[in-house]
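Take a look at the structure set out below.
In this document, chain identifiers A, B, C and D correspond to the written order of the chains, with residue numbering beginning at 1 in each.
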Amino acid sequence: MTDANDSISALTEDIREFARERDWEQFHDPKSLILALVGEVGELAELFQWVPAADAVTEFAEPARKQRAEEEMADVLTYLVRLADVLGIDLASATARKMESSRRRFEPKDVRGEAPIKR
Amino acid sequence: MTDANDSISALTEDIREFARERDWEQFHDPKSLILALVGEVGELAELFQWVPAADAVTEFAEPARKQRAEEEMADVLTYLVRLADVLGIDLASATARKMESSRRRFEPKDVRGEAPIKR
Amino acid sequence: MTDANDSISALTEDIREFARERDWEQFHDPKSLILALVGEVGELAELFQWVPAADAVTEFAEPARKQRAEEEMADVLTYLVRLADVLGIDLASATARKMESSRRRFEPKDVRGEAPIKR
Amino acid sequence: MTDANDSISALTEDIREFARERDWEQFHDPKSLILALVGEVGELAELFQWVPAADAVTEFAEPARKQRAEEEMADVLTYLVRLADVLGIDLASATARKMESSRRRFEPKDVRGEAPIKR
């Protein structure tokens, strides 16, 4: 994809405009946006909660369920992008930097096939 | 920004390659990825939890704290993008569609200045 | 309160029986229960997301909103208690121990009036 | 168990006293407490994220990992109980009522062996 929709910065501007047209910027302080993000992550989690782990990809290939997952993931991204905008964070660059850091931190020869365990 | 880093599809491929090089695809079933996403959202929430709502933007303009917020938000985006990839979801298109739907659902003349209350 | 409802162990048995009667134990593996917990935390977060921080206690004193908060918090507790049961964890004792540890870790003379900042 | 530790109201008072001794009540507005709750749920999720679903109970029977799960679940309960206290909610009664409502809503004969699917 090369269209504008695929760009995080274009999406950021779309969402900023959406908020401005509705005079909703007043509600978009960081803590409120994080709670909104949590709400959407919760809706995403609910879709998958009782599906057997091994069946999840297959069950969500069914169009109606796939669309529900898409909608919740879109909402998560929307609030994440809005939060970054409010905080003056360049989310795309931050993610590229974090990936670069993870590549160095987890070298393939050290971690291949092993999940890092959080303790 | 117009560079490749700003593209969700380029980021998707980067993260896919990162997982493949480490043979970590085996851990990336949807439920596990959602739990990982929840973990990162939790780290983001912890950064902000005790900051007075009105001070959050200012306090997180401080470089060290901004960087911590950037890192956690990058992690959230990384797992969200990875989940979309595993589910065969085009996250950018899904978000554009959801924004279009929200524009129609919440017309400025009906909702200006009023937060939609969830009941 | 001194009635049985106030006991975490009694609640644990109630919820266990509820699952057994419906043959739902099969769905209650830890990861699924955590996703269910996340779903309920998300619903709780949604109730509060756009309320100004300083007004939250007052707004949720209104009976209908208070009841909604009660329901979501009850759902969070239910899945937390169920998860503890499935893992063989005595949640009440664990919490008493954690409180004791926190009392030592955060001595009043060291932390009075200051929020511990997560970095 | 019949000791005081098993009582949600006794735990509520313990946590209230803990906050008062540290002059931390000022940080405990509902939105901040929900973010703190989200932080702890995130830490719980991280412990389990890459464990195969079918192995989770067994892997967390190992004492060190069980203790980590206990600690995070204790933290979740602590913030949930504190939030209820701040909102004037009787969490034990609310949960008993919600269970009663769920018993009626999901009658065993209607739902036996079938997970309610969220759509």
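Basically, a contact is a pair of C-beta atoms (placed from the backbone, for glycine too) under 8 Å apart; a residue touches a chain by one contact, two chains touch by 3 or more.
The shown structure was predicted, so the numbers you read here are calculated from the model rather than taken from an experiment.
A.B. asks: Which pair, B-D or A-B, has more C-beta contacts?
C.D. replies: When the contacts at B-D and A-B are counted, A-B has more.
A.B. asks: Centre to centre, by mean C-alpha position, how many angstrom separate chain A and chain B?
C.D. replies: 3
A.B. asks: Return the distance between the CA-based centres of chain B and chain D, expressed in whole Å.
C.D. replies: About 25 Å separates the centre of chain B from that of chain D.
A.B. asks: At which residue positions does chain B touch at least two other chains?
C.D. replies: Chain B, residues with two or more chain partners: 27, 31-32, 34-35, 38-39, 41, 45-46, 48-50, 53, 115, 118.
A.B. asks: With chains as vertices and touches as edges, which is it: line, ring, star, complete or other?
C.D. replies: Complete.
A.B. asks: Spell out the part of chain B that touches chain A in their complex, as residue ranges.
C.D. replies: Listed in rising order, the residues are 1-2, 5-9, 11, 14-15, 18, 21-24, 26-27, 29-32, 34, 37-39, 41, 44-45, 48, 51, 53-54, 56-57, 60-61, 66, 69-71, 73-78, 80, 83-84, 86-99, 102-103, 106, 108, 111-113, 115, 118.
A.B. asks: Quick one: which bits of chain B touch chain D in the complex? Just the residue numbers, please.
C.D. replies: Touching chain D: residues 27, 31-32, 35-36, 38-43, 45-46, 48-50, 53 of chain B.
A.B. asks: Which of the residues in chain C come into contact with chain B in the complex?
C.D. replies: 31-32, 34-35, 38, 46-47, 49-50, 52-53, 64-65, 68, 115-119
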